[in-house]
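Shared between the two complexes below is chain A, which pairs with chain B and chain C, respectively.
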Partner chain A sequence: MNRRYLPGPGILISVGAVVAAVLLGIVLIALIGVSIGDALDAFVDGTIGSAYAIAASVNRSVVFALVGIGFVFANRANLTNVGGEGQIALGGIAATAVALYGHVAELPLGLSFALPMLAAVAAGALWGGLAGILKTRAGTNEVISTLLLSFIAVWLLYWCVQSNALLRQPMTNSATLPESLEIPDLTKLPLVTADPSLPLNIGLPLTLLIAVIVAMFLTRGTVGLRLRAIGLNPLAARRAGIATERYAVAAMLMAGGLGGLAGALMLQGDQYVLKDGFSSGYGFDGLVVGLLARGSVTGVIASALLFGFLRSGGISMELQAGVPSAVVRIIQGIIVVALAGAVYWIDRRGTSR
Partner chain B sequence: MISAESAAVFIGSSIRLATPLLMGGIGELVSERAGVLNMSVEGMMLTGAFAGAVGSWATGQPILGLAFGLLAVLPVALLQAWLSNTLRANQIVSGIGINILVLGATTLGYREIFGERSSDEIPGFGKWAPPFLGDIPVFGQAVFLQVWIVYLGLAIAIGTALVLRFTAIGLAVHAAGMEPRAVDKSGLSVRGIRYGAVTFTGLMSALGGTFLSIGDIHTFTEGMTRGAGYLAIAAVIFGNWRIGRTIGACLLFGAATALQFQLPAMGVDIPNALLIMLPYLLAFLAVAGLVGRQSAPASLTVPW
Partner chain C sequence: MPDSLLTLTGVTKRFGALTALNAVSLDIAPGEIHCLLGENGAGKSTLCNVIFGIHPPDEGVMSLNGVPYRPAGPADALRLGIAMVHQHFSLVPDLTVVDNLLLGQARGILDRRACAVRVEELSAEYGLALAPFARIQDLSVGERQRVEIVKCLMRNPRLLVLDEPTAVLLPPEIAALIDVCRRVAARGCGVMLVTHKLAEIKSAATRATVLRGGKTVAVSSNPAEEIGVLVRAMIQRELGPLGHAAEAALGLSDPTPAEARAAERPHDIVAQIDGLSFLDSQGVKRLDNVTIEIGRGEIVGIAGVEGNGQSELSAILSGMLRPTGGLFSVQNTDLTGRGPHDVTAAGVGIVPEDRHAVGCVTAMSVAENMFLGRLRAFSRFGLLRRAAFHRAAADLMQRFDVRASGPGAAFSSLSGGNQQKAVLARELTLSNLAFLVAAQPTRGLDVGAVEAVYGHIREACRRGVGVLLISSELDELLAVADRIVVFYRGRIVGSCPASPAYRERIGVMMSGQPA
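== the complex of A and B ==
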């Protein structure tokens, strides 16, 4: 049984795993012959070196946070959503389709950018909900189904940007890239400040709002209690009159919807065109963020910031200092393995299973 | 009209593409029957593919590459077994962690070891056809001329089926997944059986991985397994934890992958993406319960 409600040892172990993994990453950087000083300089430049770098890192963190919040929410019902990658891809497809061909650009009241986001939420929720329905109807393990749905979604996206009948931009010459048109300016996310050197978009306040609402749901409301009851003992929860299947599907809808929203933020806040490789591992990173948080929304925010800055720093280290981005991946892998294994020591303090 | 030649090529490439799935699938089947779900099949295959390529490239001997691949997977398999059994970690989460770790480590290792020489051909295995079968007109060469690992894989699959069905080892594996308490009472070690089963998964997955790199295409690319490990797990579910049906599922996924190359060659205009997606789509439909009621081992993913 996870003693998630006791944050003490959990947080210590999370922090310990991260520190150990980062130290190992530094050793790796030294082993491959890159000067640690150069690597650290590049890391600092890419993360906190400028207002622009900070904003870019925060925008990344926001994407991870959304996927992570969805993960934590579903995980409360003991459902493991590993489909963030596919949910982001579907969100990206839906947001692109609506932004480009939904005639939304002229709409007032912010609908021009809100409608593509809503479409993305719906598409992601569909993808997550599908896994939830299968779980309750056919008993399909949601890990396998969300994972397979991710592969399917990634290739769907590839199909969309390769096919002229779908989202590929009109071919004007043979060099036209297999990607969508750029979305209209009015469908791009507005910035929080008017200052373009600090391009923080409205994804940040939106995500913080969602985080607060979800945290309240999970800790204060009956919803959180029921989800936890389902997670701990579905049979007992059903006896107690909880509609376990409806909650399970709803939790996956929620997780998927947040994944879809993450896709919309990536498209409308950063990339503006849909192309192959759009989701670029953000869904899996978001999953790790969710794991790292050990069930707490605050934990999600903290680890999302860590991963957002880690990823920015990783990209910068690759470009400026020639450190392969695989080093960051190794660090992430070690963190996940360490945390998975560490549950033993946390649980041993309480009653054994 | 489909000619006999193209049908033969299609069957031959289906078998070839099914082979890595088959090996990973057989390994995973044994482990799941013993009660351990290894999401890390993907990482184990990638380890085998990478270490096999490195070993073969460094020594010039593909057989040493194969041995190297099998050796290199042992720490990965033992890590998974330790996490799932001794540490009682969440088997799914720990497996995914191992996959991320292996993907990073092999990508980094590949860049560091091969670097600019990445276009070098890596020595790989030759092909072989069994006597008589290879002489059948039209089909002989197209279907049966395969890297010998394909035949090794088939032999292991049959051997595994026999061991599972007729021996005390098979019974112990089955019982460890269904009634671990009874196994424990009988004086056998549940953990011992499960460690052994996960190690078997590792060796089989690595065999499948080395087949990918030095058997089939004679090179290594970053993350070259591209989800084959997950397909192998899906094949076990599709196969309802029975070996015959699991093998059938692997062949089906192999055939779906082969269509990618076959249909365009026949002039059929189907989006490439749809064909690449097809095995995953089939696997998804399979796990979605379109193949009937599933009967997983009772103690699957429950640590002892």
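== the complex of A and C ==
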């Protein structure tokens, strides 16, 4: 068995970075003047306090995981997709458009909710693929292009929900909010269990399936090997006859498509209406989840769960205990910094011999 | 025994688990040319870096003129009169010779005229012809090296260390360099000449020290007469069974004429290079109307100083670079401007010039490197059949004597020779191999590996593969190739049979004059 695929010191160091960041966060809460007991109670209530809280946290994690898996996939080819936010937004737009105006609600065999999802995947893939094409044809750095495409997508969404010609609900009076109509019930994602107090939708098994397939192809598949070669030495990969440009575009299509799917899950599984601020930072958190995973899909699942529960707990701490949600953001920031430090440390230890 | 200038006693240097230098003792006297010999990886460069203050020794002591010498860095070494010319030059191409010399030495206002006068004095004194106001980018490699040497001499050093100075030079330039060394030594300065070529020792060295595996294995105070002893110490084997190419690589023997080898050769053309040209993005002609035909089982050598279009030629032939003019076809399949995948599919094997940049992915395993281009043969539903994959790799490793802990070993853990053998294994086992392009296939390899590499290439020739061999080692070309084509500034200056009788002529052609 190849050691590469076993959890190595990298995972342990990631966990260590997270623990250190959380401890710092607790100190921060105390400094603000909120009772640590109240804050922790609120955190527990919002994360594992009830079946509903758990389900809500898991659904958040699923979104992070999809963006993170896409990030890890593209990153195998040394491509950094920071455009999750825009890909989610575009997925949301596509899913809303198809669910509301695609006449899909009456279709059988689950097509009513599957078609909006597919549309979202296609839209996200388009956005990611665009960055891939810019990279291979014009040499544009994908970090820049995915980031800027994100802004375009987020403002496109704003335009869609503001314009009556696009997705804004019909204006009945001056107080009509700038958002879409609610999507039909049949286009909403079915729950895994019939129990509405545990609202886990089919996004969870779908994401786990995707995670297993991607992990298998990355570690044991020829695709993973080729992507890795491209990432490590694009010249040698090209010389070996690998169509490096096609693979790069495909990797970005994949990352974008998963981002789009994440947008569909958010819309069809949770929000049901498209409104301004729809993606609300999920794409950037997903990026951090991908970074935190250090290239492993298992790592993505672990850090997605961490971020999902952290965000749920953060919302709960804000509402119940008056801890500013900014503190949770700060903890996430500290995790990123601690992780970057840890990576630097590992690399230095590796090369200074 | 002359008074010692620099004495090393029991110097040991470790890098992690690797002991690069193991209790090395050495002394250099004023006015002598001391040759440091050894194969690649023997510790020569490490020893230079210890002397120059780049690496502090882990154990052992050094003394300079009887005073303990513990440099904290190159600045200390320079201050104490030790100067070094590195393998890789550190010159700014856009600046003139004088400006490069003043860099790092001058303070305040630059006195270019005084510096130019000094350059001219030194040029005259040591026979180092240099134009003080020429730009570095317009100078040849040999001239750039002279700038580096002048940079050292301006400091009036007591010890001049030259790390593999002859690797990049034309044959006449090597003779000139050795002459410079003699003049420097005649003024009482110690010269340490690091090399793996024995021919240079014969003509220059007053003493020689041989390193092998980080240890001093032989010291000779009459190296010209004791070449045999030194070679045995260096490669730890008798000279007898050494291959011809290996001897040529050491500069030991004159290669025998190629006529015997070329006796009965069918004249089928395997590969045709017809009027190939390449203009780079700045509009500079890197390749100019190059036409070569390679026959079945023929080895055509490309000679020339590096940077005269050889890299561009091999990049074009391997499909990595699109020519701006001309044609390239193999067995009547037009491959002009086709990508690497098509080139490989047409039966062209490529041993790239830069093994690490193009030839392999060092962070991947040996097996992965061997079959990266042929993964389809080992895949089922897109998943790799790892057992079969590793079996096939182990088989190739055995056939080509690639020594590694196993097919899963990281490519970076292999020695240079084994890496090159693995690349050869990959390229020579293409099922329809008809044409092999080998660019600098022995660079950085030790003698045993040189022999193995040429053994495999010759074996491919016997099966009818045509070979284009690009090398800056003229002696190796003379030993291995059937005929030699000489490159200068992207053009073919001339060609001749690969016979030592033509060595002088080839040397002249390498400097751009048609002979």
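In this section, the second predicted complex is superposed on the first by the 342 of 353 C-alpha atoms of A that agree within 3 Å, B and C clash if a C-alpha of one lies under 4 Å from a C-alpha of the other, contacts with A are read in each partner's own complex, and residues count from 1 in each chain.
The definition used in the following text is that contacts are C-beta pairs under 8 Å (C-beta built on N, C-alpha and C of every residue); 3 or more make two chains touch, one makes a residue touch a chain.
Not measured: the values here are computed from a predicted model.
When both complexes are superposed on chain A, chain B and chain C end up sitting side by side without clashing. When the two complexes are superposed, the chain touching more residues of chain A, out of chain B and chain C, is B. In the superposition on chain A, A:V223 makes contact with chain C only, while chain B stays out of contact range.
Contacts of A:I26 after superposition: neither chain B nor chain C is touched.
Using the contact criterion defined above for the overlaid structures, shared-chain residue A:A240 touches chain C, although it does not reach chain B. Of the two partner chains placed by superposition, only chain B is touched by A:A326; chain C is not.
Of the two partner chains, neither chain B nor chain C is touched by A:L111. In the superposed model, A:L206 lies in contact with neither chain B nor chain C. Of the two partner chains, chain C is the only one touched by A:L232; chain B is not. On the chain A superposition, the C-alpha centres give an angle at chain A of 70° between chain B and chain C, rounded to a multiple of 10.
Taking the two complexes aligned on chain A, the least Cα distance separating chain B from chain C is 5 Å.
Counting contacts as defined above, chain A residues 353 meet chain B in one complex and chain C in the other.
Partner chain A is touched in their complex by these residues of chain B: 39, 79, 82-83, 86-90, 92-94, 96-105, 107-108, 111-112, 227, 230, 233-234, 237, 271-274, 276-277, 280-281, 283-284, 287-289, 294, 303. Across the complex, chain A meets chain C through its residues 2, 216-217, 220-223, 225-226, 228-229, 232-233, 235-243, 353. Contacts from chain C toward chain A in the complex involve residues 15-17, 318-320, 339-341, 344-345, 350, 352, 357-364, 368, 372-373, 375-376, 378-379, 382-384, 386, 408. Interface of chain A with chain B (complex): residues 28, 32, 80, 82, 134, 137-141, 143-145, 147-149, 151-152, 155-156, 158-159, 162-163, 284, 287-288, 291, 324, 326-337, 339-341, 343-344, 347, 353.
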